[in-house]
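The two complexes that follow have chain A in common; it is paired with chain B in the first and with chain C in the second.
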Partner chain A sequence: MLALLALHLALAFLAPAAGARLGRNVFLLVALAPAVSAVWAGAQAAAVLDGRPPVQTTAWVPGLGLSLDLRMDALSLLMVILVSGIGTLVFLYCARYFPADQAGVGRFAGVLTAFAGAMLGLVLADDLILLYVFWELTSVTSWLLIGFDDEDAESRRAAQQALLVTALGGLTMLVGFVLIAQQAGTASLSAILAEPPTGGTVAVALLLVLVGAFTKSAQVPFHPWLPSAMAAPTPVSAYLHAAAMVKAGIYLVARLAPAFAVIGLWRPVVITVGLATMLVGGWRALRQDDLKRLLAFGTVSQLGFLMVLLGAGTREAALAGAALLLAHGLFKATLFLTVGVIDHSTGSRNLRELSGVGRRMPVLAVAATLAALSMAGVPPLLGFISKEAAYEAFLHGSGPDLVVFAVLFLGSVLTAAYSARFLWGAFVAKPGVAPTEVHTPSPGLLAPVVVLGAAGLLLGLAPQGADPLVQAYADSYGMPPEVEHLALWHGLTAALGWSALTLLLGAALFARREPVLSMQRRAGRVLGLVDAGRSYASTLTLLDRLALRVTVLVQTGSLPVYLGTVLVTVVVLPGSALLLATQITGDLRAWDRPLQAVVAVVITVAAVATARAHRRFTAVLTIGAVGYGIAVLFVLQGGPDLALTQFLIETLTLVLFMFVLRRLPANFTRQSMRTGQGVRLAISLAVGTFVTAAVLVSGQARTAPPASQAYLDQSLPDGGGRNVVNVVLVDFRGFDTLGEITVLVVAAMGIASLVLAGRSRRSPRAEGETSLTAATGQALDEPGTPAPERVG
Partner chain B sequence: MSAAPGTSDAGSSDAGRGPSDSGAAPRLPGAEHIDEVRRSVVLETTVRLVFHTVLVFGLYLLFAGHNQPGGGFVGGLVAGCAFVLRYIAGGRAALQAAVPVDPGLPLGLGLVLATGTGITAWLFGGQFLESGIRTLELPVLGTVKATSALAFDTGVFLVVVGLVLGALRTLGAEAER
Partner chain C sequence: MTGNLTLALTVGALYTAGTFLLLQRTLTRVVLGLGLLAHGANLLLLQAGGVAGSVPFVGKQDGPSGAGTADPLPQAMVLTAIVITFGVSAFLLALAYRSWVLTGEDDVQDDVEDRRVARRQDQP
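Let's look at the complex of A and B:
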């Protein structure tokens, strides 16, 4: 399994380079990854259904107890079929969907492959943390995919919305995962499900996890990102927003429900949110004119349906849910790809502009009709079978079950109605609308659509094909005495009657579409007050304002305030610890040699002079005297290396100070000298006292033998040098030095960019000078150009 | 790193500036870009005299550092001071004439050298940055102990020199405006 993930990764990295050479045919190459995964999964199917799921464990970060645990049970297999099976077809479709000269096709193929790999990892992961990692990888890659058209502001906005919403959910989910793993004592998913932890913490954790699932699967009130994400290229919508990514939340709920549906608020929350989503999605889908948005809201609705079925926590509902999961992947991907073909061949996907497309593209029309009928729940398609099973699951229960059933029924009526609207809008010749110009799509574009559409019919006619898989998942709820199989014909049951009524009402709703639309508009004016899309926007605005407030409060831009804050923190935090913890004992000498005292006096005088200086120049000189004084102390202590360094640094600092001083006023302003003088004095004295005390205390706080002796002993044999200081720098602590010189390089770049950026803001003439070379004055290299003058 | 005359020497004596008297008294290459009244003969001559000495002293500290006071950092600072002198006496044109390279070059080279030394230790099966010591018999110098730490220290040296050059050019250029 790890090899499959590695294959995805390798092809994803290869794709940009291959794309430059192969053009859009690069998709045929990268389709290898999902295709191999699908074939492998198919080969393992027998073992999986037999209850022997393939398992693979690879150490990852043993120190943190992280490992790459992969496992494919029935539910994972079902998801792999969606992710890799449908994925392969979408990849093949891509190879003909994009224009031959599409720019950036290699990058796109790479990201799409990376997404497919992340999704595969997500459904195979048997470890909460690993699952989370893949979860976020799908968020990031989908952000790149939705924003593929990065020159379009709408795309970028949609991509950002999807990323913010799903990443927010993901982080919330991570907290939930950590809590669950803490309670269970393991992060292994199968171990947790085998012995589910209980208690209040787990109940809260589950709610947090559900937030993640809800955001990812576009449940109310997080759903608006999904319709916005339709800015993505159509294959992305077909793959991410029908078959793969939005199913991640559903998958998570389906994965956890057998063990956790009974705990806390799980069941009421999942069912309420799912039902609300189903209704909102269906209702909104009914009034869309853009075929893709219609499908997007339809997807939202169906995701709500799936959420209810797979989260309810009963065997019957789970059976129906698993069947619907498969059915939905098949029909929704078909429909999205259909819209892609229509858009590709006619240049429009507005159902008010399209007319008579069905007659011009009969093959596409048939495939799409199969899919739409499956979505509406018409026999003999897979969608019908799964909806029957869903009705069956709730029809025989008590009060709450019947309420759920009623809402599911209502949602299905809406689904039937918008399915009809889709078919009518996409294919039917409309009176008063000119027949749309169509250029015939290539067979390579149609083939995947036909295959997907036909699969829904095949599995509908022969549900035995899907039954074992679906049953195997439902068995995680335990084996019932009498197993209900998926079948096209259960006899004349109540569910069949309700199904017929669903279709009838759906047809009626479609037939009276204009009155329904105007009613929707009237209702929309009232409902518009609680528009989730608008609340997303206002949340962002609020966040921006808050950030601004905080920035204004914290980043005053005043150097004395920054410095004061840092120093006060130093005094208060470590300072109070110092006061509490230790007292100074032992013998203290005033000096080793009297000369030290003399130097100390000089340093003190210079320091006081610095503080009292009125001219900046004087202050720089006196502070330089302080530095040289300290260097003399080093000499007296017998540290030639330190002293030499200190002297040189002090000299260089002085020179650099001079450069800066030339641009500054000669004197400190009176005001800056006076304001808060008392406070500054107090802070300075406190810091001075603290540092002195810290040095005295830490010098006596030694508990272990000093490391210096070992350095002295090892310097010559190990480092090959007699100068211990240098051997420490380049050998014993070489890694530190490497880090330090890296900092130096960064600092050099920082100086250059700060100075040059400040300059280009002041004079637009110097724009574009951004490199280190810029300041060297390129005029020198060009004879004839007058050199820049020195301005005093 | 010799004080090769800058490429701009020939075309620089245009109107508005006094004719360069580089023929009469050898002075700092590149310094002719400064206004004649602002130039100092004493300073330029002195810098010409001590520049190489300071530079060589910096290199000496780099090589001697392993056994005596010194090392790449200190050596780099001393070499940097040589360039500071050059800059003070002749402005950035003189600096450019002395080091006709982008400061990014020593910076990058130094970092590559230091990191490369660490990685080389890997190649010989050691730990990252582990020292290797070889004793070589060289014709003139006699027995020389070469340590990989010297290469690492040279990297440090170059980075420090690059930093000083970069600061001189950016901050100095800023001050000259």
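Let's look at the complex of A and C:
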């Protein structure tokens, strides 16, 4: 199984290069990946149905307990048939769909293959985290595919919407996965399903997982991304938005339902959302003029149907759901590909403009009619069988079941109506509309449509072909005493009556389409207030505004504000820890030597004077006093080396300041001395207090003897010197000193470049205007002459 | 271990004055503030070595209060710190000088881009 994924990956990487040489025929090459997968799955089918699913385990990150666990049971096999089987046909279709000179066809083929691989991985994954990884890979590749026409703003917007919505759901789902894995003690899907964890945490986690499934499968209220995604090339819509990706959410629900449908709010949430989606999708589909959007809303509706069936958690519903999963993949892909052919041959997919297309393309019309009838639930097609099974599953229940049945019935009426609307719009000759010009499509384009359409008919006539597979999945709910089989004819049952009524009402709804349309418009004005598409847009706008507000608040661009924030954080966080967790208990001594106090007073006074100084020279002189005072303290503490260095460096710093200040104005800017000084003072006092407290507390914190006793002992024998500080610097910690020297060298180079930078450009004035000076709008003056307004 | 109240208070005073200057807009004052902070930090390191003692020389034990030898390790650290502070101050001074050469002032201005972002908020 890993080899199949690797094949997808390899072909995906190969495709862009191959596309440059082969053009659109590159699809024939990459179709190899899904074709091989489908054949392999077919070969394994017997073992899978026998209850011996192929399993493959490969270590991935053993330290984190992650492994590449792949497993193909009945449900996975069903999905592989959709993903790789229909996938192969879509790939073949692509090879004739794109114009021969289509740009970027190799890139497109590569991404589509990568998507097929990710989707295959998703349905085969037997590990929650692995499933999540593939899940997000499908989101990302789908984003690239929807935005294939990257010069079109609408298609970029649609791609972004799909990505944002599905990624949001994916992340929510990940949280749910992690919670479930923690409760179960393993991330292995089959192990979790064999022994499902229970409890409040799991109930919450399941709701999070459901959010992921709902976004991916376009359930209300996340559905608008799917109709928007119709900006994608039509084969993408057929593959991603009918057969494969949107089924991922359904797959996840179907996978988890046998174990988790009874826990918490799962059943009410899944059924409510599914039913609402079914109605909203069907209702909206009835008023679309664009054939593709009609199908998109139809897909939304059918996904809701599937969600109800596969999430309900009963064997009968699951049986119907699995059959519908297969049927929907077949008929919806057929219909999308049909729209693609029509668009390709006539240049339009607006059902108000198309007229008489059916007569010009009879083969296509027959294939599409088979698919649409299957969608509407007309015998003897697979869609009819699955809908019968669905009715059967809910018709015999108690109160709530009957409510569900009523809504399913209503949704199916809508489905029948929009199926008719699709056929009428695409193929029928309309009075008052000129017959559409049609270029005859190539057989290569028609073949996949015909194959898919015929498959729905074949499986309808011979449901025993699909029955074992569907039964094998339903068996995960346990074996019932009496097995219900998929069949075309169950006798004159109540469900059959309801099916007939569905078709009748659907036909009636279609016949009165114009009154229905005007009613929709009137209702739309009221319902427009809760339009999910609009709330997506306003959410995005709100997010933008919020981001701007936060940026303005946090990123003021003012250095003092940034520093103040850092300092306040220092005082508040470690400061409160200091306040709460410790107390100064030990005996404090006022000083070691009385002279320390005198020097301390001098230093303090000088430091305050530095802070208050208005003139630059005053400030430099007072800071010099501080420095010399510190040197005296060093002597008193027992460090003559320090004192010596301090004296030297302090003197050097003074000289340096003099050099610079000679050029700068004598006073600090007045304006900057005034505003906000109170806040600055408050922050500084807080910092000072904090540091003093920290010094006193840390002074008591010593528990071990000082490390420096070793230095004192080893100085003479190892370092060969009596001055321990010197030996430490040049010997024991020699590399530190080397680093220190390096710092000095770097600083010196920086200073040199800063000071000398202006000089070299001074003489040739004409070309001496650097971009920097141009930007600030100030000529590069002789550094020695201060700007006039700054003098004094 | 006990604390030296005088030194602790001096460290606090240096940090207060240093922080106050660090929060100013004038680059020269920021450099001065950094200098005061460095003095404070050096003193902090030094007092962490404990009670004042005699010079850490092998074979010299004539501390005035008989407290023993002063801890050599903080001294070595402070020595390094003094020199590095000098390098940093010199570099910052050069920056201040350069800023003055280019713009005629050594005040740190707000970031132009950020002010532009702030203006966007006022627009509808």
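Going forward, the second predicted complex is superposed on the first by the 562 of 792 C-alpha atoms of A that agree within 3 Å, B and C clash if a C-alpha of one lies under 4 Å from a C-alpha of the other, contacts with A are read in each partner's own complex, and residues count from 1 in each chain.
Rule of thumb we're sticking to: a residue touches a chain if its C-beta (ideal position, glycine included) is under 8 Å from a C-beta of that chain, and two chains touch if they have at least 3 such contacts.
Fair warning: this is a prediction, and the values are worked out from it, not measured in the lab.
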- Message: With both complexes superposed on chain A, which partner does A:D718 reach: first (chain B), second (chain C), both or neither?
- Response: first
- Which partner does A:S708 reach: the first (chain B), the second (chain C), both, or neither? second
- Does chain C touch more residues of chain A than chain B does, or is it the other way round? C
- Using the touch definition from the top, say if A:G699 reaches chain B (first), chain C (second), both or neither. second
- Message: For A:H490, using the defined touch cut-off, is the partner it touches chain B, chain C, both, or neither? Pick first, second, both or neither.
- Response: neither
- Thinking of the overlay built on chain A, is A:A747 touched by chain B (first), by chain C (second), by both, or by neither? both
- Query: If you stack the two complexes on chain A, which partner ends up touching A:R107: first (chain B), second (chain C), both, or neither?
  - Reply: neither
- Where does A:R157 make contact in the superposed view: on chain B (first), on chain C (second), on both, or on neither? neither
- Once the structures are superposed on A, label A:D731 by its partner contacts, choosing first (chain B), second (chain C), both or neither. first
- Tell me which partner A:V655 touches in the superposition: chain B (first), chain C (second), both or neither. first
- Task: Identify the overlap between the chain B-contacting and the chain C-contacting residues of chain A.
- Result: 640-641, 645, 649, 652, 656, 660, 663, 721-723, 725, 729, 737, 744, 747-748, 751, 755, 772-773, 776, 780-781, 783, 786-787, 790
- Item | chain A-touching residues of chain B, taken from the complex the two chains share | 6-8, 10-12, 14, 16, 33-35, 38, 61, 65-74, 77-78, 80-81, 84, 88, 91-93, 96, 102-104, 107-108, 110-111, 114-115, 118, 128-129, 131, 133, 145, 147, 149, 152-153, 155-156, 159-160, 162-164, 166-167, 169-177
- Message: Per the contact definition, I'd like the list of chain C residues that touch chain A in the complex.
- Response: 1-26, 28-29, 32-33, 35-36, 39-40, 42-44, 46-59, 63-65, 67, 69-73, 75-76, 78-80, 82-91, 93-98, 100-108, 110-115, 117-118, 120-121
- Query: What part of chain A is in contact with chain B in the complex they form?
  - Reply: 640-641, 644-645, 648-649, 651-652, 655-656, 658-660, 662-663, 718-723, 725-727, 729-731, 734-735, 737-738, 741-742, 744-745, 747-749, 751-752, 755-756, 759, 771-773, 775-777, 780-781, 783-784, 786-792
- Under the touch definition given earlier, write down the residues of chain A that touch chain C in their complex. 548-549, 551-552, 555-560, 563-564, 567, 584, 586-593, 596-597, 600, 603-604, 607-608, 610-611, 616, 619-620, 623, 626-627, 630, 633-634, 636-642, 645-646, 649, 652-653, 656-657, 660-661, 663-664, 668-669, 672, 680-681, 683-685, 687-689, 691-692, 695-696, 698-702, 706-708, 711-712, 715-716, 721-725, 728-729, 733, 736-737, 740, 743-744, 747-748, 750-751, 754-755, 757-758, 772-773, 776, 778, 780-781, 783, 786-787, 790
